[in-house]
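Next come two complexes, and both contain chain A; in the first it sits with chain B, in the second with chain C.
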Partner chain A sequence: MTNLVTLSNVTYKRNLKIIIDHLNLQLPQNNIIGLLGANGAGKTTLMRLISGVVPNYKGTIRIGTATTNTARKQVASFSQILTGVQPNARLTEIANYCDTLYSDFSIDVFEKIIASLDLDGTEKLSALSKGNRMKCVLAVTLARRVSLYLLDEPFDGIDSMTRKRLIKSMLTWKPDNATILISDHHVEDIANILDQVVILKHQMVISQKSAEEIREKDGLSIETYYENIYEGGVDHDQSHDNL
Partner chain B sequence: MTSLMTTFKTFLRPRFKTTSAFLIATFVATIISLIIIVWNTHSFKNTNISNFILMYAAIGGLALFIKLAQNIEIVWTHNYYRLIPISETKLYLSNFLATLVCLIYYSGVQVILFLLWELILPTAQLQISLFSLPWLRLLPPAIVSVLLCLFWWVFISLIHMATNATAAFLPNTRVRLVRWLIYLVFIIIFSILISQFNRLIQFFFGNPDNASFLMLFTGLSLLIVIISAINIYLLKRWVETTA
Partner chain C sequence: MEFNDKIPIYYQIKQYIYTEIIISHLSPGDKLPAVRQLALDLTVNVNTIQRALSELIDEGVLESKRGKGNFVTEDETILMKLREKVIETQLQHVYDRLAELQLSPEEMITALQNYIAKRKDDNHD
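Here is the complex of A and B:
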């Protein structure tokens, strides 16, 4: 399996605290990978590091051939893109902004996604409910045709029906060969679509395993496996071996 | 990668709209003030109009200066802008270039309107002081004013970036205290600069000869370039977006 993302010996400190400590990780192409971990485990930071918005870290991060922060921004689409957008901006204005600045942004895909999620492009971002805002975030993120999608808790605070629609959308609009790294607290909601699971604890990856193996070989659900890892029920060293 | 020109145009568009709104607001304010005065005094003095144009242009200019400073600063710390696949140097240049164009647009329109009014209904005093001068002599004060605005903008960015970068190295409990200490240092530097500039500017506007203009022009340009180089370094190496 070809690796799309490689992190080697990545360390990141902030406010005199180590957030990511000598982290090594490889993510394959054309996979949906669940990034799991408790609050403060470093999931968002890891995504920020991969996306290229964090300048001061040690180690190397590579997406395909892209190693610099600027180059990584070109090949990865990060769901935190709407941080800082003017609240009175209309969805179509945001789409036009992205269309101008990102050569891989597809207005056509954006319009299809928002139509499928019952969003109106003329609405202002500030007028959207939390659920609709998350739909918009997903539409903007997936409208870019890139090789890596970083979805940071895209279903946070969303009801189960909407969550299912967002997951369906995600699967529909994911380009072939693209990889999705998705973090979520509700493991059970995304468990069925995952190809792989990466678990973060103590500022590093303590487990990376294929979902199929967890289910078939270990006979566990993803959720149980995750809970066992966190409670120390599964040997961490073994959990890396089976990829 | 996204080009400097594309980013510049994208930044310029909303700021141009904002600037136009400020221009319209100053015209409307001038007209309303005139109507009130004519209504109350039943007389129409031409000097009123020139005075009102100047007064509202100055008030609007100050408000626009602050609004554009906000627009500049939001770019450094928000993913909506920092995720653009462009180098930090180009991001910095496009941000300032777009703001500079808006400042020139605002000042240009105000000057043209003022001069047009003076052509239509000349004020005796201004006729002598303004139109007796060669037009080229208006250029150095205009250039100095633009450079001054640019200087304050890059200086504000330096404060913002320095506090943001320093905060990353402090424990969470001390961030606020140190931030205030940094602000204090910058306020002292700011006060010293203000007094020095005041002397230079008074000297320049008192003796607007070529030598004093060249001195001020070179000094300001040099300071802008030096501060910008520091800003770009901070942006590239230390300034993070808010999560």
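Here is the complex of A and C:
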């Protein structure tokens, strides 16, 4: 398997507090990878680091051939994309804005996704319910045609029917060979679509394993595996077998 | 389709396709939906579907025709063996559980016969 993303020895501190500590991680291309960890484990920070929006960190982060923050912003689509967008903007205006900002943005894909999710492009962002806002975030993020998608809690606080539709959109619109890194509080919601799980604890990656292997070799659900690792402590599983 | 979260998804997809073939929802020579369509129908990863299909192709249950897609084999021998294998797998579970309960083979046969008779009665009620 070809690696798309490589983080070597990445450390990040904010206000003298260590958020990410000498982290090493490799993500293959054409995979859907679940990023798991308790609140404060560093999931969002890790995604921000990879996406290229964090200015001061130590170590190297590479997506394909892109190593600088500027270069990585061009090849990764991050779900915090709507941060800074005018709340009273209409969805079509947001799409046009993203189209000028990102050369890889596809208005066509955006329109197809919002239509499939029953969103009305003339609506204002500020008028959307939480569920509809999540749909919009996913549509904008996936409308960029890139090799890496970073989805931070894309199903947070939405009902199970909507979640299922968002997951289907994700499966439909993921370009061949693209990788999706996705975090979710409820592991069981996304367990069926994952190739791998990466577990973050104490500012480090404490486990990275194939989802099917967890079921096949350990006989565990992803959720149980995650809970066991988390409660078992850092030294429980340092293995990165068969990746 | 509801998946058991402790069993590999690719394995459950294989079982699902076996069943579809045995109960003739998929007939010999039928074309399977495209990989991405199957992934959407079952809400699973494309890679998982690909793994299941490639194992079914290795087993001869499916035939991959370049540029055309995947088709259920028309080889009668393979289909007959498939049916036997799936039935055997189910019986194996029952046998192992009953053996664990220290039933003799004769007791197993009696228990199974009684159970079938009981189910027949239940269905007639």
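Criterion: the second predicted complex is superposed on the first by the 235 of 243 C-alpha atoms of A that agree within 3 Å, B and C clash if a C-alpha of one lies under 4 Å from a C-alpha of the other, contacts with A are read in each partner's own complex, and residues count from 1 in each chain.
Here is the rule we go by: a contact is a pair of C-beta atoms (placed from the backbone, for glycine too) under 8 Å apart; a residue touches a chain by one contact, two chains touch by 3 or more.
Since this is a predicted model, take the numbers as computed values, not measurements.
J.: Since both structures carry chain A, what do chain B and chain C do when superposed there: clash or fit?
T.: Taken together on chain A, chain C would fit alongside chain B, as the superposition shows.
J.: By the touch definition at the top of the document, which applies to A:Asn88: first (chain B), second (chain C), both, or neither?
T.: neither
J.: One more residue to check, A:Thr67. First (chain B), second (chain C), both or neither?
T.: Neither partner.
J.: Please work out whether A:Asn30 is in contact with chain B alone, chain C alone, both, or neither, and reply first, second, both or neither.
T.: In the superposed model, A:Asn30 contacts chain C only, not chain B.
J.: Looking at the overlay, what does A:Asp195 touch: chain B (first), chain C (second), both, or neither?
T.: After superposition on chain A, A:Asp195 lies in contact with chain C alone.
J.: Looking at chain B versus chain C in the superposed three-chain picture, what is their shortest Cα distance in Å?
T.: Comparing every C-alpha of chain B with every C-alpha of chain C, the smallest gap is 28 Å.
J.: Mind pulling up the chain A residues that touch chain B in the complex?
T.: 14-16, 44-45, 48, 51-56, 70-71, 73-74, 78, 80-86, 97, 100-103
J.: Can you list the chain C residues touching chain A in their complex?
T.: 3, 5-11, 36, 39-40, 43-48, 51
J.: Hey, which residues of chain B end up touching chain A in the complex?
T.: Per the touch definition, chain B meets chain A at residues 1-2, 6-7, 9-10, 14, 74, 77-88, 167-172, 175, 236-243.
J.: Which bits of chain A are touching chain C when the two form their complex?
T.: 30-32, 164, 167-168, 171-172, 174, 188, 191-195, 211-212, 215-216, 219-224
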